[in-house]
Every structure is written in C-alpha cells, then in structure tokens.
Amino acid sequence: MHALARARHGNPLLILLVAVPAVFVTEHLAPDEHTALFVLSVLSIVPLEALLSHATESVAAKTGDTIGGLLNATLGNLTELVIALTALRAGMFNLVKASIAGAIVTNSLFMLGMSLLLGGLRYREQTFNVSMARLQGGLLFLATVALIVPSAIGDIDRPGTSQTVHDLSIGLSVLLLLAYVLGLVFSLGTHRQFFANAARDAAAHEEEQHLWSVGVALPVLGVITVLVALVSEIFVESVQHAAASFGMTPAFVGFIVVAIVGAAAEMMAAFKAARKNRLDMSVGIALGSSSQIALFVAPVLVLLSLVIAPTAMDLTFWPGAVVMVLVSTLTVLMATNSGRSAWYLGVLLLVVYATFALTLYVLPPAGMSP
Amino acid sequence: MHALARARHGNPLLILLVAVPAVFVTEHLAPDEHTALFVLSVLSIVPLEALLSHATESVAAKTGDTIGGLLNATLGNLTELVIALTALRAGMFNLVKASIAGAIVTNSLFMLGMSLLLGGLRYREQTFNVSMARLQGGLLFLATVALIVPSAIGDIDRPGTSQTVHDLSIGLSVLLLLAYVLGLVFSLGTHRQFFANAARDAAAHEEEQHLWSVGVALPVLGVITVLVALVSEIFVESVQHAAASFGMTPAFVGFIVVAIVGAAAEMMAAFKAARKNRLDMSVGIALGSSSQIALFVAPVLVLLSLVIAPTAMDLTFWPGAVVMVLVSTLTVLMATNSGRSAWYLGVLLLVVYATFALTLYVLPPAGMSP
Amino acid sequence: MHALARARHGNPLLILLVAVPAVFVTEHLAPDEHTALFVLSVLSIVPLEALLSHATESVAAKTGDTIGGLLNATLGNLTELVIALTALRAGMFNLVKASIAGAIVTNSLFMLGMSLLLGGLRYREQTFNVSMARLQGGLLFLATVALIVPSAIGDIDRPGTSQTVHDLSIGLSVLLLLAYVLGLVFSLGTHRQFFANAARDAAAHEEEQHLWSVGVALPVLGVITVLVALVSEIFVESVQHAAASFGMTPAFVGFIVVAIVGAAAEMMAAFKAARKNRLDMSVGIALGSSSQIALFVAPVLVLLSLVIAPTAMDLTFWPGAVVMVLVSTLTVLMATNSGRSAWYLGVLLLVVYATFALTLYVLPPAGMSP
C-alpha cells in the first residue's frame, strides 16, 4: 500500500479507487440499478487503468528495452481488450465493432484534439517532430485502411455470404496480426535506435512516477487485470440499460462512451505530456494507440471470438464507420502535417469529433438502431 | 462618383456597372425574358461584388486591425450569402445546398487552379509559404469535414426522420458557428501576429487601390448591398429558366454557375495576385473563402431559414456532394503540399474541376434531377 | 541474336523466352489446356515486356531528349495497352475496367511496397527526394480523381442513362487525354530541366544495359509488339478459364493477375533500382506508370472501343473500385510524404494490398461476380 500511496501522490485519479468496492457492493445489493452501476463502473475503470499502465511501465522498465517495449505495446490497450472481450462473450458484436471503430476515431480526434487544446492554452505555439509524426501518421493510415476498407470493397450484402464473410475476417485478422508482429520486430528489433528518442522521453516520464519493483508490479498487474475484468462485466451489462435511460443510441455508446472509458489512462498521459510541452509524446500516444487497435485489438477479438463467443465475430463495418475512421485518420495526418500547433487546431479537431458524436446521438446508422 | 471613377481606373470590371440599370429596366419591361435577365443579372453582380469588397476593405482599413479583420472576414462572402438568402426565401433548398457545396469545390479547384495556371504562364516556377498553406489547408479540411461528413454517417433515409434531421442540422450549425467565432478569436485575438504577414500583404494590396474614406465607403456599402439583393432576386428567378433553355441541370447551376458568379470578385483578386507572383495571397483567398463557406455561410443559412424560409432548411447533402467536397479539399491539400507550383499543376486542378462539371452537366445526381 | 545475348546477360528473365514458342505450340496442339496456356502465356509476356522496354529505351536514347521522352512515356505501358485491347475486342469490358483500376492499385501498393521492402532489406534507411515525390504524388492523385470520381458523382443507375453514360465517358476521355498531352508539353517542353535529374538517372541506367542500335531496336520493337499481341490473345482467352479452375473471381483476375502481368517489366526495373538504393527511380516508376494508366491508357481504350469493340466501352467504375483507387493513391502519398523509408513501410503497403486482394478473392463485388 506504500507503493500505491506514492503512486496516488502522482495521480489524483486514484482517489476514485473507492468506487471499486462500491460497484461490487451495489451489484450485489441492487443489481437493477443500472444507472448507478454504470456510473460506478466507469469511475472504477479509470483509476484501475491508471494503475494497470503504471504496473506495466514498472515491469517494462526492469526487463530491458526489448521485452519492456513488447510488454508496453501489448498491454497498452489491455483495458479496451478486456472490456471488448466481456462484450464479445455476451455476443454483443455490434457493440464490440462500434467500440473498435470508435476507439480509432476517439483516439485520433478527441485524444489528440484535447491534447493540442490543453497544450495550446498554456503555450502560445507548440512544435513537434514532423518527420516522426508523418511516419506514425502513415503507419496509422495504412493500419486503418487494412482494417476498414475491405468492408467497403466486398459485396457483404449478397445473400448466402455469411460463411464467406467469416472466412474473410479470419484471413484479414491473420494478415493484421502478421503486420503487428513485424511492426514489433521493426520497432524493438531492427530499428530500435530509430525510436530511441521516444523511448528516452518515456523513460524520463517513468522516472518521475516512482516506478514499482517487479515484486510489487507483477502481482498488482495480475490483481488489477482481474478487477478490470470483473468491473467490465458490470459496465457492459449496465451500459446499454443506462444508455437507453439517458437517451443514447447503441452506436453512440460503442463509439463514444466505451471508447473514452477504455482509453482514459492513455488520455491522461497524453494530456499531461501536452501540458508539459512534450507534444511528441502526445502525438505518439494518440497515433500509436489508434494503430494498435487496428493491428492488434481488432484481429485478436475476431480470433478469440472463435473460442469464447456464441458464434464467430466478423470484421465487417457499416459504411458510416468506414467513412468516420478514414476521415479521422486523414484529419490527424492533416493536423500534424505542419509540425506546429496552437490551441485553435485542437478546437477544430474537437469540433469534428463533436459533429460525429452529435450525428450518432441523433441519427443512429441503420443496423445500429435500437 | 469621383471615388468610383478612381476605383474604376483600378478595375476594368466596373464598366459592367451599366448592366445594373439595364437589368432593372428589362425586369420591368420584359419579365419573361429569362435568358436576357440571367445574363444581365450575372453581368451586374460581378461589378457590384467588386465595389462591395472595395468598400469593405476601405472601412476595414480605417477601423483598426481587429474590427477591420472581423469586417473583412464576415462581409467577404456577402454576395454568396445574399444570393443564397434570396433562394432560401423562395424555398429553393436544393439550389442553396448545391451552391454551398459548389462554392467549396469551385473555390478549391477552379479559383486555385486558374490562379496557378495564370501565375504559371507568366512565371516559370512560383513558390509560396508551405507552412502557412498547410495550416490553412488543415483548417479547410477540418471545416469541410465537420460540415459534410455527418450526411454520410447518419441514416438520413430512415422513415420518419425529418424532424430529427432538422434538430441535427441546427445542432451542427451551432457547432460550426462556434468554431467560426473561436477562429476569429484566434486569428484576430490571441494569434494576430501569426497572421501578420498575410495582413501586411493585404494592406499593401489595399494601398494600391486608393481606399475610400469611411464617409464614402459606409453609404456605398449599404447601397450596394441593397442593389446586390435586388439583382440577386432577378438572378435566382431567372437562373432556373435560363438553365433549362441552355440544357443545364439544377445541380450544374447550383454547383457551377451560382458558385462562380457568387465568388467572382474574390476570383479576380486571387488571379491578380497570382499574376503578381504573390501566390501566398491567392492560396489564402481560395482556401480562406472555402473555409468560410463551411464555417459561416452554411450554418447562418440554416439558422436564418428558421426565420425567413417557408420551412426550415437542413444540412444534409447527397452522397455525390460529399464525395466532391472531400476530394476537392484533399486535392487542394495535395496540390499545395510541396510549396512549389508551375502551370501544369493549375491545368490538372482545372481538369479535375472540368470532369466534375461535365458529370453534373450530363448525369445529374438523383434527387437533383429536374 | 548477339544483341539479345548481351541483353540476356543483364536480365536473367530472358531465359523465359523459351515459353514464347511453347505457348504457340500448345495453343495449336491443345487449345483446351487453359491452365497450361495461362501459365505459358504469363511466362511469355514477362520476358517480351523486358525486351520491349529495352528496345524502347534504345530508340529513345538515340532520338534526343524530347522525342525519346515522348517514346518512353507513350510506349511505357504498351503491354498493358495490348492486353487490354485484346480483351476490349472480345467485349470483355468488366475485365478491361478491372485491369485499369487494378493497374493503378497494383502499381501504387504492390510495386512501391515491394520496392521499399526489397530496398529496406539491404539498406537500413533509404531516402528519396521528397519534393519530387510530392509533386508526382500530387499529379497521380489528380489524375486518378479525374478518372474515377465521376463514377461516384453521377447517377449512373438511373434508368435510360446508357447513351448519356457513353457521351460522358467520351467527354471525360478527351479531357484526360488533353491533360496527358499538356503533361508531355510540360515535362518534355517548358519544364524539361525540372525533370533533368530523373532523366540523368534513367540515362545512367540505360548505359549499364548496353543499348541497341536503332537498326536493331526498331525491328525488335515491331516484332515484339506483334508477339505480345499474339500471346495476349491466348492470355486473355485462357485467363478466365484458368481463373475459374484456380477458384479466382473475375474481379481478382482483372485487378490482380492482369495488373501484375501487365506491369512485370516496370516492376523489375523498380525493384532493381530500390536494391541499388535509387529510391527516387522506384518511386518515379511506380507513381509515373499509375498516372499514365489514368491519363493515357484508360481514355485511349474508351476511344478505341468506338472502333474495335462490339459496342462502346464506358468509363464507369463500381463503388469498390473507386474506394480502392482513391485509398491506394492516398496511401502512396502518405507513405512517401516523409522522404524516408525502411523495410516496414514496404510491409505495410503490401499488407494493405494483400487485404484488398484477399477481399476480391473471397467476396467479389456485385456486378463482378461470375
């Protein structure tokens, strides 16, 4: 608990940890209080995510560059993965797919936009490494295209294609995971020095945070993952009921609510870096976690659905999702193309995000309506 | 009239002012001569626009940077606004929406393309400030995405959605206007120096033009606005009839004819700057006036339709318009990404514009057919 | 044959020339052995292409910069053109259109991706002239937009539009050819020095290859073109049968198989340049040959269809093709925007290409199904 207290010192979010026991008690005593359960589960997931990423970083720092980088990369989207797995087991495929596309859109527009706004309110003009941003932006664009464009090419509505769509989805997932593994070989293996700067930044960041020893971090990692899984179950159960009572459509819930909750810890890190005028880190987190959703989380969910879900989940997205994901990644590329930022650039990214959110709230896409 | 004579000296267009009395006389004597009325009203609007922008600049120059900038920004698209308002009052929503999307496409492809071509025919290679162009291009992309992409996301064709579509359109309009106001705070307030170069260019441009005193400019501004409004009424009435007799579809009229007529004065300024090897100014006018259509003209028209139109106008665009606007803004970004230009770049932008115009002329989109 | 032996020395592909007599013999003895004929015709076309481009370069080198450039530019895609003409004469318009769109996608993603991968496996990091790449990328984007976007704008499905679609296609073709001719005026005329660097690179490349004298090159050019035309006939006849027996859809055949076979010689040149760390040349070949398909091959096919095909071919593409072509050219722009490359960038381009190929293989688009 000493380590926890120190960690809390660095992150005021951890006070929210009191919501964790509260959500379990409420679930036990009043399982139908969906709105309360929804609010409490969101309040629980956020600090658990913060602890999870702290524990991951602590282990990563002790295991050397390669394994550490691997851990960070693989566990970085653990919360998204656990939430999505819970929804997957319940067979809520539309929610899972909306949250995959929504995570890319939210990380690109909201996480980056809010970083640029928060940074820009403190600094008149901020600059970042434009060549690195273009490389990461290019990777993000390629990753999202490989994930999302097949839905726009194939004739998914043809009768009698459901088996074919599943075969295609498994093939696409294998391709995406192959690209992910080769990406790890690239960034942790052959071209490690290339990413050295970013790693040094992250290292400096970790130092400030009083890392835990492996003896503390590993058990914490295990316990927190179980807690996140348990709370996710309550979250996924309650979110649809609560959404209905707030007048939200399932598309809005998946795209916006689940995506923001799932990436809360990364957002905090990106915002904090922007406030410290380290935009390279903010851009790296926003673009990197979006890429990882496309190359790792999405295909893993498809392949795991073969094992844990009632039926197999496919990788087809409705046309509106294809448009939003493509436009979001293009938008990020445009916004980071000059290597300079001021607060208004953040405002515009947030306005685009708000128009998407408003549209999903008011006019849910066909097939995603209640 | 002395001021006018001097202004005419600088702008040979003003000889066209003789068309203004001619159009009113024709309207009185031969109200069914639609083709003559159409031609005369176009010939009248062009010089009136030139006077209008000269008067605006004269007032702006006298009122200091902030208010002057505000005036220039807000009155810059006054002609487009007045023409669209006339069509709005007549309930011709398809024409208004086509002219909104068409103004973005025309300013991006035709105004910029013709500037690059005219400049390139005089100078072997022209350069412009690539960082400024990227910033303006990024803003334009974000603005058009916020305006146009919601039409591609929401399920607009669902039965019983007309009330919801109107609510959504009003919400989107408020968001766009908020972005516009924050953009003014940014460019005229917190980051005025950032745009100082461009302003100095504009100032140099004004100087050459023998600005009017406020005592002349303000009354001219009022009188000309009324004249533009009166001529616009004749233009909007006659354009559809004349179009039919020329074999033009309403989509072509809104997208191409109204858009070119509405932006004639800005085009003249952009072309002139390009011929003087000041491409920064041409790029700024083309990208800036496109952004302003998306962030200011379009939402103002939606909100005013609540007051002056028979029913409220919404902000939904047909799929072809979404594609054209997105592709046009992407095209401009690509074309200005290298900071260098030669005549062939202008040719290619004009070829893209011509393929769009030809398609609209020959194959009008569904829902826009006569 | 001495010249041929020397050429073979530089290009091990030429051993494949033994397939040329083999394919004619097989065609004569066993005209129904479609799979064998397909394999032999592919094996024949590849070395014939290599000879063709060598002969073209030899003639071009002797005829001075302007005419040489003209020859290179016009004959560069001769194989694609001959194959497509054969399919055109047989009235297989879907195959022709799929191969046009497929050539752009294949040259952008596969040719460039494989070049970056092969180059990156030998060199840790490769750089190329980013300003040239952006210019070429901009031209490619504009050319493909002019070719492909009209299909997404016009209301092609309206009843009774087939005559109108043909008129439109002829108009678009004339516009594209005009842009092509002006492009030649630009690159070989007014702005020749601008492209001087690239030309010098090509010249260096030619020198190594022991160019033929005009007395050898011209007859070779004629004979080989006739041979390519004869083999193409066998290829086009057999490809559909062979595809069916391999389980390939016609969309896959047109998009992937024909596109790769048609550009094999250019691919060899691009890969070879990348292995020699001359990425500027690889990027130039990939982007240049894609642009040429859009501006030259496609409109020429439409206009020739008026003469040689049973009915006129139009220029409408199915929505999936529009998406793939736009996304591919955007992808190339993103991938070449930083001017730096390492092997993983190539992998990602190939992954995107593989997802497209897999989708077309498994889920053929409507209207392209068998």
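Each chain carries a letter (A, B and C) given by its place in the written order, and its residues are counted from 1.
To be clear about the criterion, contacts are C-beta pairs under 8 Å (C-beta built on N, C-alpha and C of every residue); 3 or more make two chains touch, one makes a residue touch a chain.
Everything quoted here is computed from the prediction, not taken from an experiment.
**Student:** Same residues or different residues where chain A meets chain C? The copies count as same if more than half of the interface numbers are shared.
**Tutor:** Comparing the two copies, chain A and chain C contact each other through largely different residue numbers, since under half are shared.
**Student:** Quick one: superpose chain A on chain B by CA and send over the rotation angle as a multiple of 5°.
**Tutor:** 120
**Student:** Rounded to the nearest whole Å, what is the centre-to-centre distance of chain A and chain C, using the mean of the C-alpha atoms as each centre?
**Tutor:** Result: the chain centres lie 40 Å from each other.
**Student:** Residue numbers in chain A touching 2 or more other chains?
**Tutor:** 330, 337
**Student:** Quick check on the complex: what are the chain A residues that touch chain C?
**Tutor:** Touch residues, chain A against chain C: 131, 134-135, 137-139, 141-143, 145-146, 149-150, 152-156, 158, 161, 164-165, 167-168, 171-172, 175-176, 178-179, 182-183, 186, 190-191, 194, 326, 330, 333, 337.
**Student:** Which part of chain A faces chain B closely enough to touch in the complex?
**Tutor:** 124-125, 319-320, 323-324, 327, 330-331, 334-335, 337-338, 340, 342-345, 347-349, 351-352, 354-356, 358-360, 362-366, 369
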